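Residue numbering begins at 1 within each chain, and the chains themselves are lettered A, B and C in the order written.
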Amino acid sequence: MNENSRKKTNLKTNAGNFFEDFRIGQHLRHASPRTITVGDVAVHTALYGSRFALQSSDAFARSIGYPCAPVDDWLVFHVVFGKTVPDVSLNAIANLGYADCRFLAPVYPGDTIAAASEVIGLRENASGESGLVFVRSSGTNDKGVLVLEYVRWVMVRKRENGRTETPPHVPRMPPAVETHLLGDACPPIAAGAYDFVLSGSAARFDDYAVGEKIDHVDGVTVEEAEHQLAARLYQNPARIHFNQWVEAQGRFGRRLIYGGHVISTARALSFNGLANAFHIAAVNGGRHVAPLFAGQTVFAWSEVIGKATLPGRNDVGALRLRTVGTRDYPCDAFPDKAGDEDHPAVILELDYWALIPR
Amino acid sequence: MNENSRKKTNLKTNAGNFFEDFRIGQHLRHASPRTITVGDVAVHTALYGSRFALQSSDAFARSIGYPCAPVDDWLVFHVVFGKTVPDVSLNAIANLGYADCRFLAPVYPGDTIAAASEVIGLRENASGESGLVFVRSSGTNDKGVLVLEYVRWVMVRKRENGRTETPPHVPRMPPAVETHLLGDACPPIAAGAYDFVLSGSAARFDDYAVGEKIDHVDGVTVEEAEHQLAARLYQNPARIHFNQWVEAQGRFGRRLIYGGHVISTARALSFNGLANAFHIAAVNGGRHVAPLFAGQTVFAWSEVIGKATLPGRNDVGALRLRTVGTRDYPCDAFPDKAGDEDHPAVILELDYWALIPR
Amino acid sequence: MNENSRKKTNLKTNAGNFFEDFRIGQHLRHASPRTITVGDVAVHTALYGSRFALQSSDAFARSIGYPCAPVDDWLVFHVVFGKTVPDVSLNAIANLGYADCRFLAPVYPGDTIAAASEVIGLRENASGESGLVFVRSSGTNDKGVLVLEYVRWVMVRKRENGRTETPPHVPRMPPAVETHLLGDACPPIAAGAYDFVLSGSAARFDDYAVGEKIDHVDGVTVEEAEHQLAARLYQNPARIHFNQWVEAQGRFGRRLIYGGHVISTARALSFNGLANAFHIAAVNGGRHVAPLFAGQTVFAWSEVIGKATLPGRNDVGALRLRTVGTRDYPCDAFPDKAGDEDHPAVILELDYWALIPR
């Protein structure tokens, strides 16, 4: 049964928005606010095995100036992202990219996060069958504090094929979040208190050089149950992750793994080499270069593409990192684009600022 | 080794009760009381991806009159159910049905639930090889408050084949829980405070009509690991869910998925169309029509089969819903019985009262 | 790329220690201290379905003298073990055994555990390609209290083949933890308060006889996702559990299941027959006799090989148990060694003291 007639039969179910439903400046308040708990943190740990000390230990967190272990930055992101899906990307063909993502305030277990989005760009495709939708999404806690903001753009199906007169409006994306905007989610770190043995590495800000490449060595084979548990933990209902009965006849024949699952897997792998990059302060850009399916093995490597001190503070500095995730392809030779052509094994590219003790 | 000789060899292991072991009026206090925590809530969210705002957000819950987000009603049910299994259904051939189930008090993270059952019916089968056992089970919290009661009946093996003189006693089951008995687990809902954007739907009590059918659209493919994690979360040790080495030679050749996993999956799917049916107040009847196995995809649809206002309150009303779950069969055409003959794709029928804002 | 050149290229990643890197008396403070929460407890319950009442219910725990439900003893062990892996066994060929393991103080949700190890033995193999490394590892909580100590030994690869002059030093392991050392993690149990119905069994200390064998009956088929979730919950990054891309060419062609997953599975199965053995006080010895792989079914049986009263207390006694885990082999006939030859189906042997009410 096609989407149109289903929609007429029963207006109570959510058919999602099609390209024609979006307007520049439209505000969307998303459903299902979520209290993030130590339970969510534990499931996230079981999904990725993250070993970063700050998020793992209340004692370590308190020793350096946090009230307790903050929630993993990417877990916060996925929870917010999941809430945008019913309104933004239910009819998406592809999740094309992220930019201008800032982690603005720490999130602690017990905080409730609500999500909202503003439509900031639209561009119909020449085919008239789909179009790009750009949204700026935000997560706000129950005290009204903005904890996260980011821009993403998706290719969304049109309800009716055929070109329309929609004037294209593509927002200008900063190539990177400016360094003076980094660090709002990181309290002052007690200088001598950061334990470099408990953190897992002695390498700090000065030990990384721009141009340095780090192979994160380990690989993780992803299972169907795992990525489904993840997407559901994030309350992300996108059908393409769950419905093998439909997907068997779909583009890939398989359930597509939520791209955020790849991001968190790569982040956990990056502990091996970047253990003291304890906080993701901002994401400058991100792209799911190719899909991942269950049974495939994720590897990752990173390059230090920038370094910055933060104005007015000398407890932490920022490393600009480019992390590349691959499937079924170890990264000892740092597989990467050749010119504009993506490497066939690359599934993720992420350009972000992470904070590290100085 | 047959059950009898194992039982004689080692009386410390639980061989479970056989039909002959039950007596009308017998009281069973079940083992393994359980403190339900935010950890259990998080694992349940990862298993089903439930998006109901009340159970998802402490802030939303408080805004409408709860002290914090209550534990999902079905999670409470499964925890109680799991405790009855070692005493009631270890030797069951089939879990045949539920009735007269009432959610009597809200359950919050930190509450400890203990379970007990009373045998209220027995009827030996003509074959003399098994019999129906009817129990009324209850969950009580650590303050002694009854939080849940329900009746279920199972086909239980006999220890020794051959007809006995057991007089049949089949309890009368009310066709539905009377509406004046609904709502004890739902505090007064602050009228203007319920946010219909955060809840995910604008549809309230008056927007549903008796006879209306709702296809919940989405399907979820269940994996072996998922249903095992679920049954274990509920401390349900029924072998048929876990032991592929034995089940490979069994009736189905596969591990049977705990029926409650299907119930919670269908409930989560029903958010799409029934997002404001925020509380399951009672279950009038339920039947696992056919088994589900890993690799199959669950779909669901619901029909509004009744509506009722609740005496003395106008904050919420009750929708009587009949939710049908299928395997590998989308529900746009509302697959259902033909007369008395079950539809071959239907795996679950549930008749329940859910509360919804007026 | 071989380990050596990778290590020179990038000193920030952890190549792990090789046999030559260890010294007798060397102290290792391990990374990633961990606050164990009710979230971790819930995931552990979902992984194993443990029904022991003490760890399941705050109310039951308080009734017998604990402030609340303590964290499962094996969960504490796995969390500590996971932290030792990056420093001790990243280059291990085999995890050969455990001994002299004592649970020294109860651990409660909210406690932060840090791990450390001391190298207490080294013995190069005749082949010159590997050697035995013996460590005494400990877990300490954030108040500085020692909660766990144990010895384990692993076969670790050498960086460079060829015999060296390393003098062998093999520590003497006590055959069992002496009974006067048992019980520090178990507060005085309120004599009449222990509810033998809620606990799941009426069998107490006097009901077990030395020589008695108990078949735990049930079997659990393990899935890839489950053992990966477990190892990651424990922050155990050992590659052999996760990387099917590499392991497909490895010794087994499969991902090896973390031995601790087998231990916890066997412990949960042992509830059937040993429900009142509510606390693991010490492990005298343990051996992963053979590997386990996903799709295989774990069964278990136990023998009471000793009994002891504890000096100065008569609330609990100690049972010395030998629990044997098998794969794809029910234990009604108590499969066991024939002389020195292991039974082909046995995967685990565990010799431990458990406390039980008197």
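A few remarks follow.
As a working rule, contacts are C-beta pairs under 8 Å (C-beta built on N, C-alpha and C of every residue); 3 or more make two chains touch, one makes a residue touch a chain.
It should be emphasised that the depicted structure is a prediction, and the values quoted were computed from it without experimental measurement.
At the interface between subunit B and subunit C, two copies of one sequence, fewer than half of the residue numbers in use are shared by both copies.
Between subunit A and subunit B the CA-based rotation angle works out to 120°, given as a multiple of 5. A straight line joining the Cα centres of subunit B and subunit C is 36 Å long. Across the assembly, subunit A contributes residues 37-40, 42-43, 223-225, 229 that each touch 2 or more other chains. Subunit A makes touch with subunit B in their complex at residues 1, 6, 9-10, 12-14, 29, 31-35, 37-40, 42-43, 86, 110, 112, 114, 142, 223-225, 228-233, 235-237, 239, 242-246, 255. Interface of subunit B with subunit A (complex): residues 37-43, 45-53, 56-60, 69, 197-201, 203, 207-208, 212-221, 223-226, 229, 272-275, 295, 297, 328, 330, 332-333.
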